[in-house]
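Below are the structure tokens for one structure; questions will follow.
Letters A, B, C and D name the chains as they come in the text, with residue numbers starting at 1 for each one.
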Amino acid sequence: MRVLRPAAVVIGALVVAFAILGIQQFENFLTLGAIYALVALGYTMVYGIIELINFAHGDVFMVSAFLSMWIITVPLGLADRPIDNPLQLTAVLVIVVLATMVFMGCIGVIIERFAYRPLRHAPRLAPLITAIGVSFILQNIIQAIFSTSPISVPQIFPKTKFEILGGSIGALNIFMVVVAIVLMVALQLFISRTRLGRAMRSTAQDREAAELMGVDINQTIAITFFIAAALAGSAGVIQGQYFGSIQYNLGFFAGLKAFTAAVLGGIGNTTGAAIGGFVIAFIEVFAAQVGLARWSEVAVFTVLILVLVFRPSGILGQALGERA
Amino acid sequence: MTAAVSAAAPPDYILQAQKVTKRFGGLVAVRDVDLEIVRGSIVSLIGPNGAGKTTFFNVIVGILDPTSGHVRIGGQSLIGRPVRAWLEPVVWFTPAVVIALLTALLFAVTGTPAVAALGGAIALFGLAAMFLAAIIRPRRYVALLTQAGIFRSAKPNEMVHAGIGRTFQNIRLFANMTALENVLVGMHTKLHANALDALLSTPRARAEEVRAAARAEELLALVGLAGSGDVVARNMPYGDQRRLEVARALGSDPTLLLLDEPTAGMNPRETADMMTLINRLRTDLGLSVLLIEHDMRVVMGISDRIFVLDHGELIAVGTPAEIRTNPKVIEAYLGKPPE
Amino acid sequence: MRPAKFGALAITTVLVFAACSNTGSASGGGGGGKTITIGTELPMSGAETANGQPTANGVKLAIKQENAKGDIPGYTLAIEVEDDAVNGAHDPQQGATNMHTLVADTTVMGVVGPFNSSVAQAEIPISNAGGLLQCSPANTNTGLTYPPDSAQYRPTNPNKINYIRTAAPDSIQGPAGADYVYNDLKATSVYILDDTETFGVGVGDSFAAEFKKDGGTVTKRDSAPKSTTDYTPLFTAAAAAHPQAVYLAGTTPTGMGLALKQGRTVAGFETIPFMGPDGVADLGPGGTTGATITVAGSAAHDVFGTVAGIHDLPSGSTFVADYTTEFGSAPGAYSAAAYACAQVIIAGIKAAVTAGTTDPAAMREAVRAQATAAGNKFDTVVGSISFDKNGDITTPYMSFYKTDLTLDGGKGDWVYVKQQAFTDPNA
Amino acid sequence: MSAPPAVRNGSSGGLVALIRAHRSISVLVGWALVGALLPFIVLVPPFSTFQAQSLWIGGFANSGVFILLALGLNIVVGLAGLLDLGYAAFFAIGSYTYAFGASSFTGLHVPFWPMLLVGAFAAATFGILLGAPTLRLRGDYLAIVTLGFGEIVPAVFLNADTYTRGTNGIGGVAQPALPFLQFNFSDPVPFYVTMVAILAVVMVFVYRLQGSRLGRAWMAVREDELAAASSGVNTVTTKLLAFALGASTAGLAGVFNASKLGIVSPDQFGFAVSFTVLAMVVLGGMGNAWGVAIGAFTLYEIQSVVLKGLNQFFQQVQVPFLDTIDFVQYQFLLYGLALVAMMLLRPEGLFPSRRRQRELHQVSEDVADVPPPTAALGD
């Protein structure tokens, strides 16, 4: 993958964002962006490989937030109080993140198996409708278990703040951004370096050809869904820890924004999705900064439309799944 | 026949490609290719794979803009580098600006805000209309641009208006429409019923539909698909699909027909039929034909003139006989003979 | 293969249709005699279950207890629950359809609801045409009752008021909060955040107006839709002007609980008082699902709230107890109000029955007239109330509460501060 | 109108031939029959036991709104193959146009019938405004742009409260008036009749368009844009017209809905509406007007009648465990299940048009080349 150009874009954008927002809002922007980026990656991967707008992805993210909350409270039996012992904290975090990611990954695979695979050769809109159906189902399962009201998540991460550049930055925020970046880099390496990654890329390029070359299409697609859902899972954990309160319907809007981010960045392009996520986070934080929060959604989509008018295939042109 | 035409003092060219070059980033797909087609002749463009035949083809039908050089159809230059493109935005804004100024003037005189409001509205509307026109590029708008001395390469559908019909190397029919409908779409430029006609189903529209259907049947018959008008295209045998593509291309009553490997993947019998068909098009309809072809038997059989491309450059031009004996061509196809 | 599948689909569809061939007139609960129905028209599914269910439960309880008393000779009360949520969100068109259903059911003598003002706007014209009394426990939008706006909802019978409400309109609750913040909390500058919903925006506006009138300053006013997940940037931006208090104009289900929780984490908002209307002061103790204190957790200190109603309910103590025993959870913010609405309707029915009215249409009209006739007083769970010529409650009471996180073992709860009677501006 | 080639293929019985020869008349007759029969069908069990006739009729009038929307979206998605996920926006524009034109809020009182056209025109204009810059986008980019537009429009109506009364919505919207029909809030019949009439006309238009030069151009663009352009079709104009005509239908629906409901508020036009209509189109069978209409009708009735009725049923039948569940609360879940099930059973919709059926089975690609061999193995 071409790494230099996206990197340049990212750094440039960050500098500008910092200049405009100032340290405190910059912190908010990075944190929010990290979440959107992680969710957007899922959309972009699924789209890249089977050209499906997976509307259920946002709700997979939502489910994972609830799952992490459950893991923390029930099996681990932790209360809403920071863990100060670093070792214990690390252990807990690793357990929660891994467990959530793996479990959600499986859910992603299951969804693909039962809702999308049967329709792989069906009209392309059919899976879109099932995706919407699945998202309803997920929402209602959560609703049935946890009710429709906001549920608070025990925040186990210490509330320590560091004085950086005249602003106080929460340790949690740093942790989130780091986790997001690590995962994204890992994903890039996976796609570009490993055999499975190559299989995914070739499938995205041309499924028939890949099949002829002996790539196991079903397995590859299943893995894609696993990774996508797992990333959403990690984002869900972060969401819960950072916002401290989750609701059964947070998936829809998060999903909408994340998908927008994916398209903005050039859908099918993993780096683009990450960038798109941060762009949208910036717009929202900026809108809040200047007191136009109620217009932020309008702003987000206006920017999207403008970008697409001038760069019809998103910020990072060539999409992973582009056909010749 | 070739002799007859070339003897006439200034040959009547239906298509002239002059110094056409197409670059993709670093690599040059087509370099300085000159190609002329005399009205009523059959010309072939041959060359090894990757010689740039299809790129050149896509340039002259308006799909790709040339990096340099230009293409004339019937003497009029339609494809080439944009000229005075910077002027186009001026054209967009002029009407609005003019109206705005007039409004300002009127307002200064009368001083009634209503006038200002109305004028402003009209100006805005004018601006919007011009933008819309710039996006749709209706023929009037293009004509306006040419008057202003602005030149932009024609789009594929404009080339059809200029009288060029084409087929595709890998068949691109409207697979789920019937043969008849495919031809009717081909006749799009020849029909004039607009949305309103359709909604009200005006007598004019109805009459046109009937005539169109009849004409389409004729064309199908011409390519030898009489009676299969109601078959959905994707259910047709391969050979028929190729013929149907020709019929669709004929729908716009072209003067020049561009055939991209019309016999690719055909068995000898189908190939022979296709050759007779192409000949008939020339003799019966007086069409000129540009052929991209691999099958040498076809090329040598029906071409008046042959252009040979290799690595994007024109290496030879001439009659089949000349080409057959041209060492460069042989080298290009068979590689350098060992010293 | 496909025909078979299609057959299966067809069969299921038919079954489902058969399944619902009993919609509409709900069966009367036990007891002999004819059935009189009280309808509820609330969002019962999806995102707004939390609003609708407890409110409907208030009515269920009232009817159950009334039937137990059985002092309407020859009649049993039944409830007909209508749901105006489609795809999980309240939908005016569905509300209108439901209202048509209720109007068409001649046993329905009164309707409790709706919950959302936009739904009310679609329903009042229909119930007005059907001469059916509607009593909303939750609508606070002034336009619904205040002339001249309210007239447009009664095209059929302009002079027959058929919509009353026990909730105090925004024009009272907002200012009440403003005065409290300015006079009692001694804050002279406030940051207002609303949820873009009818209730939130309305109460926010009236709060801002009154607060300015008192001489305070509104440092910033933001609107964040309930889809917002991250309120931190808003508070970070608002911190610049150093407000001395925050007014959360909205409800916890639409994000105000989350706003409280996140706002506390932003420098400048750690300790200052947060104030909210009864959408925030839901009086749910810590631990109850979805209650503000539960959602905000440790951030819920120094939170103040107004509740449109009086605190020491005449029969309140038993109401809360009864409700909790009946439904196993504490009453929602609007349960008591809904209970009161049901009581008003029941009182009307009783009067009509004792007057010997039997014809359904006549009884409907009697109930409507009884409820809206000037000077008629109703003994309800929220006290003795009556309605003015527009259908607004004449003695809007405001009760003030604050959070105390030390209560029930650190879980925290709301404590009563004071209550205050206001005067209905249109009386 | 001459038999459009679009419907030439297939068997030709006497009646079939007649219907095809006089498409418009047969459509009108068809709607007349449907419109006349429906009110009486609901008088017989099981439907009669459901709810009173007047309620059914009112429900039909509402479902008509969705049928109208579905027919319009069918032009965009089904015929021209443009995926539009923000269709509700045009519905909203139509509604608000009428609310501005005929309510006590603005003080204007333009009669309903001209406003029908105005609403349609306004919606069409916005359709073009949105389409013009975005139509060159590839399918799914267009999808997200339209999705964005669908989110923006209600948000604007919500936030520009000085002009739209924001979240309160505009109430007191005028009802239609006719000398011989009395429109009011208690009697649904006039609305029902009006809706049937509108539907009949729109359906005739849809069929005429399908068989026309424009309709063929739409299908050509759907099938293969490059080939269409090389046949002389101006793809931009063609797509714009699809957008405009689709939007104008939504505009009609909006005006009707606003007048029937008497109130317009932003919360009526969320994403839910857009995808409900899309689901209706896909379930009904894209490209087939009647199929789409039936799909819309079915889905609407399931949503607004069937799911709401489950509780009473299970409580009355005393099904052991089911009667304890509150289905009203889970209808959304059932709706989701219904969508998935129907899609898995009939990917090409309940009533696919004969020719779409095959083609829809191919996995779409940017450049629709010779269809992959998998094309035919749909189910």
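Quick note on the criterion: contacts are C-beta pairs under 8 Å (C-beta built on N, C-alpha and C of every residue); 3 or more make two chains touch, one makes a residue touch a chain.
Remember, predicted model here, so these are calculated numbers, not experimental data.
The chains in contact with subunit C as well as with subunit D are A. A count of C-beta contacts for the chain pairs A-C and A-D puts A-D on top.
Legend note: the chain whose CA centroid lies nearest the centroid of all displayed protein CA atoms is D. We define each chain's centre as the mean of its Cα atoms; on that basis subunit A and subunit B are separated by 46 Å. The distance from the centre of subunit B to the centre of subunit C, each centre being the mean of the chain's C-alpha atoms, comes to 68 Å. The distance from the centre of subunit A to the centre of subunit C, with each centre set as the mean of the Cα atoms, comes to 37 Å.
Note on chain placement: the centre of subunit A and the centre of subunit D lie 33 Å apart, centres being C-alpha means.
None of the residues of subunit B touches two or more other chains. Taken residue by residue, subunit A touches two or more other chains at 139, 143, 252, 294, 297, whereas all remaining positions touch fewer.
Multi-chain contact residues of subunit D, defined as those touching 2 or more other chains: 133, 158-159, 329-330, 332, 335, 375, 379.
Contact between chains, using the touch rule, shows up for A-C, A-D, B-D, C-D. In the complex of the two chains, the subunit C residues touching subunit D come out as 1-2, 5-6, 8-9, 13, 16-24, 26-27, 44-46, 49, 53, 81-83, 86-94, 96-97, 100-101, 103-104, 116-118, 121-122, 125-126, 128-130, 141, 143, 149, 152-153, 155-156, 196-198, 201-202, 223.
Interface residues of subunit D, counted against subunit B in their complex, comprise 1-2, 4-6, 8-9, 24, 128, 132-133, 205, 208-209, 211-217, 219-220, 223-224, 226-237, 240-241, 245, 355-356, 358-359, 368-371, 375.
Considering their complex, residues 61, 63, 131-132, 135-138, 155-157, 160-161, 166, 168, 170-178, 180-181, 184-186, 188-189, 191, 193-195, 197-199, 201, 205-206, 208-210, 213, 216, 229-232, 234, 248-249, 251-252 of subunit B touch subunit D. Of all the residues in subunit A, the ones that touch subunit C in their complex are 24-25, 28-29, 32, 80, 139, 143, 147-152, 159, 168, 170, 239, 243-245, 249-250, 252-254, 284-285, 288-291, 293-294, 297.
On the side of subunit D, the complex with subunit A involves touching residues 77, 83, 133-134, 136-138, 140-141, 143-145, 147-149, 151-152, 155-156, 158-159, 271, 275, 278-279, 282-283, 286, 329-330, 332-333, 335-340, 343-344, 347-349, 360-367, 372, 374-375, 377-379.
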